[in-house]
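In what comes next, subunit A is part of two complexes: it sits with subunit B in the first one and with subunit C in the second one.
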Partner chain A sequence: MIHRLLAVLSFVFLCVGTASAEPLKWGGPIGSQTSDGYNALGPVVKQPIEFPHYRHARDMGISCLYCHTGARRGYVSVIPRIDKCIGCHQNIESVRNKPRIKKLFEYWEKKEPIPWKKVNDLPDYVRFNHERHVQRFYFRQNRPIREVCGYCHGDVANMTVDRRVKSLSMGWCISCHQKDHRENDVSMKTSHGPYECWQCHK
Partner chain B sequence: MSITNLLNNWSFYRNKRPYRGQYDLNKEYSEYKWAMALDLDICTGCNACTTACYAENNLPVVGKKRFHHGQVMHWIRIERYWDEKMVDFPEQGASFLPMMCQQCEAAPCETVCPVGATSHTNDGLNSQNYHRCIGSRYCSANCPYKVRYFNFWNYPSTAWPAPLPDQLNPDVTVRTKGIMEKCTFCVQRLNEAKSRARTEYRLVRDGEVVPACVQACPTSAITFGNIVDPNSKVAKMWKNQQVDLYKDLQEKDNTVRGYRILEDLRPFPSVMYMERIRDTEA
Partner chain C sequence: MSESGINRRDFLKVLGLGGSSLALTGCGNTDIRSGDELIMPNVSPEDFVVPGLSVFYASTCTQCGSACGVMGRVREGRVLKMEGNPQSKISGGKICGLGQAAVQVQYNPDRLTQPMMKVGNGLQPVSWDKAMATLNEKVGPKSGIKGENFAFMTGAMSGHLKVLVQNYLDSLDSKNHFAYEALSPSIGFAANKQVYGVDMPRLHFDKAKLIVSFGSDFLGTGASPVHFAAEYAKFRKAPRGTLVQIEPKMTMTGANADRWIAIIPGTEGIFALGVANQLLKHSEFTNTVPAGIASLVSKYDPETVSQITGVRPELVGHVASLLWEKTPSIVISGASAEGHAHGVQNAVAIQLLNKILGNVGKTIDGQAKSPFPQIAPEAGSFSSLKAMNDAMGGGKLQAVFIHGANPVFTAPSFMGFRDNLRKVPFKVAFVNAADETAQECDLVLPILTAVEEFGSNIAWYQPEGVEITMQQPLMNKLYPDTRSMGDIMLDLVKQRRADEYKNWPDFFSYLKAAVINMKPAVKYTDTDEHFWYDTLSSGVIHIDAPQEQIGDSFAEAALSLPEVQNVQDPKFPFYLVPSERHYFRDGRHANCGWLQESPDPLTTIVWDSWVEIHPKTAASMGIKEGDYLEIASQNGTLKVKAYLFPGIHPDAVSIPLGQGHESLGRFANGVGVNPFTILNPVFEKDTGELAMFGTRVSVKKTSDSEIVVKDEGPVSTQMGRKLVVTLPADVAQLSKEI
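Here is the complex of A and B:
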């Protein structure tokens, strides 16, 4: 009885808590998952520098893989090191005095890494292989990179600081892995992603 | 898996493992079947494989007292046998048999799990999902090899004091109290090798990936590989020793040493042992 009461109470508090957070523009409450798994908006993560993804990926048209270099060859997609930022930005005089860039160069001169926070964070017992997804959809099927990354990360190219927009839960992964996808544009042969436990759980 | 799905595809789920054509180079998702060949004549019982497994798979050291309670967590253990004939104890010496999960094709542990935490993967491994396991220990009771180990204690908080968690393998979960675990053939290495191979449009080459025990073995007593590939070393050894994955008790020539442990129980294990021969007359 007391457990049920506690459960009801915590549910009420959760509802109040999410309602008082910033207004939700799209998607369900934070961390929720609809039956199809979409529309689960993650929490707002405050980054040390408000990195404008839209400026880089949308306005400048830079490929996601240019900075997230690990995505095509490893399990983790890699948040770029500071020298990657500096490599371009020391030659871009026009934005040199913008506050975010100043902050970037402060870190650079202090010789400190930028303490980025994780946005798309999976539990420690799950391994997600970026390489398999990028290799298949981008390199083999030649789909646009923003679409390929967007399957899991949403429309990052229109965001400033990245925010999780898909629930990234197991049921959500499986909902895609169970579907039959055409293997390539030429053949009609279909296959689905693997869904054995040991593909992701370690 | 819903009931409707189960009933509609009954013949698919009710299949008998192993069946011929289950592993085939031309068929998708089953071009791998990991198997081992273990030569007991070469094994010196040095325990390097056990040590390597402890390091690779985040196994806790349980201590003397818990060892005597039978709560030791070695995924690969060296069994000692003192049954060599003709000589008495001091001169006799032990014969050794490394025993790890045999990754049975018709695994007795899989059928009894009440929550489906242990199941078969497409590449012939017997997977154990730690997060689904509720610790009923049925699987351990049903395992004829006794190679499943149960976490009786909360080892993450006791087995690795302060600086030691830094040496844990990040690719392997640290298991907590109340769940079952077992040898995985170092699935984290296999998955990585498979992924690398797939990126390069090829299959995993023979010898490209080995579990920690095979890597550590100083005498190369253990051979590991993909038995589907007829040119792999392990497939050749199985063939030379006349051991067939799909058969239980097999008629063999007198000249071969290969056998699988408890074949007559029909679990169709994936590990072949090669008998130890000693010239006791000399």
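Here is the complex of A and C:
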């Protein structure tokens, strides 16, 4: 009986613990399960700073577009400029002495760019347009931003550093382009994504 | 097992290994990867910079002297493409192929990236400190270099850099500024000065119904090809204007003409006088010229003209009747009519037609007069090269600076320029690439390209008002050890006049202060800072200056009859036409892959030199396409492949300029031949300019032959089918045509 109680207690503790604590920093090997139920398809990428996406997007509820400002207006989603990070963090004294933040301020003081590594890197002959997708699904269909970004990037809000969880292959792109999607949140009219070669291979 | 020691199975194994290693090394990123590439976000970029989206900055194209306003497309700090700047009246928002290639000048793999100094027979890299210390030692205040000891050779020049060069020469008490352009417009300028009282009148092609051009390639290489192409497009709109081109070798403009007339080089003036003679017979024109000129002209009846010029006699009357029918018209002369010993006379005789037809004031009037003479353009001339060469040969010069010109490549071999340059103890070249001239210099300084540099430019042909086109860096400098020419000049001026220039730490601040000084001339009312930033963002300063008055009183003295020496020389029976390619100009652009790869518009040949010869002449000598010919003048011989070309006079052969480099870079070296080397010392007698078209040559077939690499295959053979039926112009009955 006591064993059963302990087991239940430890299970509850485990659940509460995982909900608030940092997810596994680096995750498991390729193929292991991620928090959103997908398989990790890309390798673990060691970044110069282990950026905690979960802290910003999940715990603070900051929109992806707040930092990735290019996603709604350009081809690339944009890794934020350092002065964007500093803009907030110079006023957050409570975490000022955490090792990651210290590292960030080191880059800032040296005025050096942070050499982030690309996680979702398509081949050079593919031109993916973030703007088209964000405008269609976030602004016109009015779906939650974490869901819209998640179509291709998975549940980044539950990751520390980003890891590729979708295949990003051409067949995978096409599988979504073949589906009918509603044109906006008030109309029932649907259309699918373009199939023409030149839309991506310019 | 075969004798070579490799059997089929081993061969296949090697092949398999090679194939798989090829797949591994591949080109570019062909896979979905994580963690292989970096993204470096800016630390604090400008607000309007969005990675992935292009930003356009206004600047000026310096590929030729037209000073077209351009916009550079910049993404992530790199210039990617050039476009025309719509605010520029010169470019009108358009750009030519040469301008597009400015990007390849910037990213050229053969750019000089650090200062070099002559050690023994070769150039060795040195630091900037050492280079500037050497400059100070050799030409600084303590060096004793002064006045006649020193010379500064530049290419065509304008704007504030020209002022600094001038000020530097003043600080040395030297008057030796030699502005040298191998293909300079000086002879045309001298003729215009005689006729109109100005160097260059404003030509309104768009207002004309007929253009008669004597060898002016205004669409390809003229004063302002982009602007003239736009005017030409208006001219060709309904009611469609007519273009008649008279020249020894077809230019790109000639290829666009309704009627193209091949003429013996140097006899263009006689043809013009023949036409004038016909026109003066019409009662409406009889009193347009003084009686003296009318009587001079009257001896040129069509038969006489035909004998001298080699043009059929009826064409003289035909051109005259076209000019009589289609008014207003415009008659212009170009390089192939002007590049002779009697070039000015030729051009003046051609301009006489404008006087008779009353075109002056209708299609030809004055350009706007710049209120800033100190930054006005210096178009450059051959006589500068000659003067400098003589000074060097006489041992007068102790130090020379060379910027924007490559005289070792473009000076004809009869001048012995290279040997004379070696006599000068200290020679400095300011270059983007270590060209032939730089190889002869003691100090070679790498300067920024036009897209990395601030500057101001003024073209010598101004279509509307006076346009000062501004240059601003489209990107940061690619190589840390290159320096701005303006900064170097400012440092040099400060060697002797530190006090006068102490307010300007760099060329940027000097230029900014100078441009703000111009504010009153443009009637700008906002603050100085606003004026500066408005100027940079629009790329142009436009000044509504009043037009220069041009004279139309055609004094009798202005016309002296062209002295045509149409003597058959049995040793050198052919006329040499050194043709200017609109991509290469004098050869400075030859190290550009795009331009080498762009087919010549008329022959479609790429990556090579060739000699154009008329098919009839070739047939009589047994020459086929690709046969190597020896083209010999008194001053040298070139061995070059034959290309049979109907667009050339049968007594002339033509070799394009610009190829034949020894040291410019990997795309230019060893490609083709350099016709500058074999030019004869024939000089225009009024101006002293080199008569580029005055050289006679002999043609000898050799036993060698090679395929000519060209695109035209299907055009000439039409794939064995008659896709477009054509007839040679001399066979066709064109009496009812133009």
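To be clear about the criterion, the second predicted complex is superposed on the first by the 161 of 202 C-alpha atoms of A that agree within 3 Å, B and C clash if a C-alpha of one lies under 4 Å from a C-alpha of the other, contacts with A are read in each partner's own complex, and residues count from 1 in each chain.
The definition used in the following text is that a contact is a pair of C-beta atoms (placed from the backbone, for glycine too) under 8 Å apart; a residue touches a chain by one contact, two chains touch by 3 or more.
Remember, it's a predicted structure, so these values are computed and weren't measured experimentally.
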Joint occupancy of subunit A by subunit B and subunit C, clash or fit: clash
Partner chain in contact with A:113 - subunit B first, subunit C second, else both or neither: second
Which superposed partner A:196 touches (first subunit B, second subunit C, both, neither): first
Touched partner set for A:132, first subunit B, second subunit C, both or neither: first
Which partner reaches more residues of subunit A (counting touched residues only), subunit B or subunit C: C
Subunit B versus subunit C as contact partner of A:124, first or second or both or neither: both
Partner chain(s) touched by A:179 [first = subunit B, second = subunit C, both, neither]: neither
Touched partner set for A:96, first subunit B, second subunit C, both or neither: neither
Subunit B versus subunit C as contact partner of A:73, first or second or both or neither: both
Interface residues of subunit A shared between complexes with subunit B and subunit C: 73, 75, 124-125
Interface residues, subunit A side, partner subunit C - complex: 42-43, 45-46, 69-70, 73-76, 78-83, 107-108, 111-125, 163-164, 167-169
Touching residues (chain side subunit C, partner subunit A) in the complex: 28-45, 50-53
Touching residues on subunit A, where the partner in the complex is subunit B: 73, 75, 124-125, 127, 129, 131-132, 135, 191, 194, 196-199, 201-202
Residue numbers on subunit B that touch subunit A, as the complex places them: 28-29, 119, 121-122, 125, 127, 129-132, 171-173, 184, 187-188, 191-192, 195, 198-199
